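Read the structure below first, then the notes.
Which chain is which? They are A, B and C, in the order written, and residues in each are numbered from 1.
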Amino acid sequence: MSDDAETSHAALGDRIAGAVLALLALGAWWHAQSFVTGFMQPVGPGVFPQLVSVPLGLLAVYLIARPGLNQRWPDAAALCRQLGVLLLLGTYAAFLEPCGFIPSTLVATVVLMRLFGAHWRQALPYGLLLGLALYALFEFALGIPLPDMPGLKV
Amino acid sequence: MPSKVFMTPRRLMAPALLGLGLAVSLPSQALPIDECIAPADPGGGWDFTCRSVGKLLRDLELVEGNVQVTNMPGGVGAVAFSNVAGKRADDSNLMVATSTVGMTQIAQGRYPGDADTMRWLAMLGTDVGVILVDDDSPYESLDQLLEAIVDDPTAVAMAGSSGAGGWDHIRALRLAKAAGLPGDQISALRWVQFDGGGPAVTQMMGGHVDAVSTDLGEIAGFIESGDVRPLAVLSDEPLPEPFEELPTAVSQGYDVTGYNWRGFYTGGEVSDADYAAMVETLEALYQSDEWKEVAAQNGLVPLWRGGEDFNDFVRESIDNVEAISREIGVIQ
Amino acid sequence: MDIFDFLVHGFAVALQPQHLLLALIGCTIGTLIGALPGLGPVNGVALLIPLAFNFGLAPTAALILLVSVYYGCMYGGRISSIVLNIPGDEPAMMTTLDGFPMARAGRGGEALGLSAVASFVGATVATIGLTLFAPLLVTVAIRFGPAEYFALFVLAFATIGGVTTGSFTKSFIAASLGLLLGTVGIDPVSGVARYTFGWYELYDGIDYIVALVGLFAVSECLLFLERDRDKADAAMRIGSAVPGMRRSLDCAPTIGRGSVIGFISGVLPGAGASLGSFLSYVLEKRWWGAKGKFGEGDPRGVAAPEAGNNAAAGGALIPMLSLGIPGSGTTAILLALLLSMNITPGPLLFEQQPDMVWGLVAALFIGNVMLLVLNIPLVGFFAKVLQAPSWFLMPMVTLVAFVGIYSLNNSAFDLYMMLAFGVLGYGLRKLEIPTVPVVLGLLLGGQMEFNLRRAMSISGGDWSILVNSGISIGIYLFAGTLLLAGLMYALLLKRRLG
């Protein structure tokens, strides 16, 4: 809604999205049938999801039939950077608890800055700085405990 | 009482986890209670239990520092139950508020686990069920209300803070049965669940439901202000001041009582020594005059059961509620 | 003493130098916390509650400090909405729609100044409304039963097509998707686990903060990676807040309308600030029709939701104080705050503790004045922060959001969830499907469903209860009119574009 205003009639994107959403609606509707209505409830837990999946499904089918505008999709290089960032953040999330906050965050900040186009000599010092600043902000200023490095006593 | 309906601050718990890091690294040392999970939104009975007890523990210097109250609503306590069972079973700094409402959920198999999953610390007092109508309702007495229900079970919409089959509902149904409503018509009675006793009473004042069955403590303010007409309290004996005037159901010829005790549990893997220390801390709190005062202000009758005694009592309550649920038809 | 004496007394207390200093500290800390994505009023208030106890502050002083933090956070939330397109909290979501386009056009300072004035006016209107009409409004609010609430949510979703400039179909798709996602988790009525697929982490449903940060912050970060770096670095200029304050004179009618709509939605418990800011925005957009440039940086698109959300926050105090019902996530925090100070809101609070009630009102008011004043230096500060190169700024924002989300539940699952919502948000934005209705669906869907089910419990399964009262019928007629007007407008626009 904010971005590069370059939009185009990209029927394909909308049609794929429409198909995915229509399947989702169908799946949700079907799955909602298995929700057991409890003791003395005129409207069970499955009714509302079914009620919602009907317009979702219908509108998704309409989207397949009458696709609208899409923004330009990214080129290969940008896509690689995006995947890189997602991969990095996912890995960071996985290592946050087992490795502790400080080591995993320091690696994440430095690599993230690299992915956002910093040189190593920018990314290294500022990445370390940012990582430590985050630790100080959450652990001390906000009083939110973060996972410690294994083997370290508090 | 439960649910994510009110977009509650799950984030309140974040700072509450302050003690967790310490507890994990030093599991052998008994640390004072520093967190109380209220498995509901702010404002309800469990939230009150945590807040008042937490504050008293601090004021009486039974613990060092603050007792952080964490609101963890969802599934009438099921979310907090599974969270503690899964992640914090050995956290001896943590206690979780519970009550007869929680026992009802366990008895009906709605928690991911049974009584053995947790260690039951103590109960500190008990709330008592109450049946209310609006101050300009046509029903002047419990007799009139129950007569109308027996006449035509669909004529009266009752509300409370528990779901259909929950504790508030069970108490109302037992009254209807005592008044002679045949078992096969029980499911015709209308029951509406709200997010707490307060919202239920408010909706009754707006004329959307006809009567409310809930705990006295949660809605005592509405009785004092005269906005509602209490028809019966579900205790054996009349209550102490300031509710001594309220008629019991027993005195009106319906042999139904329905208490809702307030207590705490902790994780199932807390060591015997830590468990004993926590029970001892709570007993010291119970003995104080301050607790008696806070309890009285909020319509609770102070009542102590702790340690193994409480453990047995919990199992007994669960069996009891299970039998009632079966009798009424909530569970088959 | 009558109400006005209490209010005057409340102000006299709040205006003491020590209290003003506390308000200043609270507002500053709050603004900084609120501006960090993922961190909101809950963190701010939770941080300062122990502090207030440890300093042994008197109840009034503690209340002023905490209320200032609360308001500061709300204001900080708008700052990140406007300058980063990342709402700090959910009521600030609507402000991204026109605030961020303004910032991209170099009018960020103007938007910030305007939002401060609009917030101030909204809060003032709410304070006046609270003072004059609280007892009356309570009697009106309780006329809203489950069926009427359901109608109100239908109204909200019927107008959702007006949120963005994009296609009608896509807005409704986004709303239905949000509503569907809102049903994930254990159903509190029956205890049935819906769409959880055995994951315990989903039992409590999808946390809307996780969704919000994912949809806005993570997707913004992904979009940023494909922009031209040099252009992006040079793009932002904040400017000064002063023209925005002047601009607010032009927007006075907008602010007035937004305040009234917001206040009314605030008074209804369960509707809350998000609905207030949403309805203010949508109705204002309808009001101007083709004459407005909503979605492209129309100052009125900032003024309306800001006035609405603050008026709603003030209005929500009425059911919270007089009935003990927290109408929204943010009033729930205030309720917890009052409870922690041994003040139990309920029908007797106005009679038994009037000094406390009006002291709170005065504190809220002082907090707003303080924010208005603070705004000028703060805009300069945030302008400085934004001049940091993007390779530093974007990782910083991303990681603050990351750690903030982690700290909610100490759960890595929330982080994966946030990344998933980030990818979803990215995809939706590429497809020109607005993300705001998704969050609204997630936020309001639960209440919508439970009020429907309550209504059906009352009627014993008879659907006609939904149209059984004048209030419901009125709301449906209004919703129908708006929906029709929106459709006509969309058709007209299409024809004109050829």
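To be clear about the criterion, a contact is a pair of C-beta atoms (placed from the backbone, for glycine too) under 8 Å apart; a residue touches a chain by one contact, two chains touch by 3 or more.
Everything numeric in this text was worked out from a predicted model, so none of it was measured.
Which chain, with its centre taken as the mean C-alpha position, is closest to the global C-alpha centre?
Smallest centre-to-centre distance to the global C-alpha mean: chain C.
Weigh B-C against A-B on C-beta contact pairs and write down the one with more.
Output for the comparison: B-C.
Rounded to a whole Å, what is the gap between the Cα centroids of subunit A and subunit C?
That gives a centre separation of 22 Å.
Centre to centre, by mean C-alpha position, how many angstrom separate subunit B and subunit C?
32
With chain centres defined as C-alpha means, what is the inter-centre distance between subunit A and subunit B in Å?
Averaging C-alpha atoms per chain gives centres 38 Å apart.
Quick check: what residues of subunit B touch more than one other chain, meaning two or more?
Where subunit B meets two or more other chains at a single residue, that happens at 14-15, 17, 20, 163-164, 191.
So which bits of subunit C are touching at least two other chains?
Each of 43, 47, 50, 189-191, 407, 410, 457, 460 in subunit C touches at least two other chains.
Can you list the residues of subunit A that touch 2 or more other chains?
Within subunit A, the residues that touch at least two other chains are 38, 41, 142-145, 147.
Touching residues of subunit B toward subunit A in the complex: what are they?
14-15, 17-18, 20-22, 25-26, 163-165, 187, 189, 191, 329-330
What does subunit B use to touch subunit C in their complex?
2-17, 20, 41-43, 47-48, 51, 55, 66, 69, 71-76, 78-79, 82, 86, 105, 110, 112, 154, 157, 163-164, 188, 190-194, 196, 198-199, 202-203, 205-209, 221-222, 224-225, 227
Applying the document's contact rule, which stretches of subunit A touch subunit B when the two form their complex?
The contact residues of subunit A facing subunit B are 38-41, 142-145, 147-148, 153-154.
Report the residues of subunit C in contact with subunit B in the complex, numbered from low to high.
40, 42-43, 46-47, 50, 53, 142-146, 185-186, 188-191, 200, 203-205, 207-209, 269-270, 272, 323-326, 328-329, 332-333, 335-336, 339-340, 342, 344-348, 351, 407-410, 443, 446-447, 450, 454, 457-458, 460
Where on subunit C does subunit A make contact in their complex?
Subunit C residues touching subunit A: 33, 39, 43, 47, 50, 85, 96-97, 100-101, 104, 164-167, 169-170, 172-173, 176-177, 179-180, 183, 187, 189-192, 194-195, 218, 221-227, 229, 295, 389-392, 394-396, 398-400, 402-403, 406-407, 410, 412, 415-416, 419, 422-423, 426-427, 429-435, 445, 448-449, 452-453, 456-457, 459-461.
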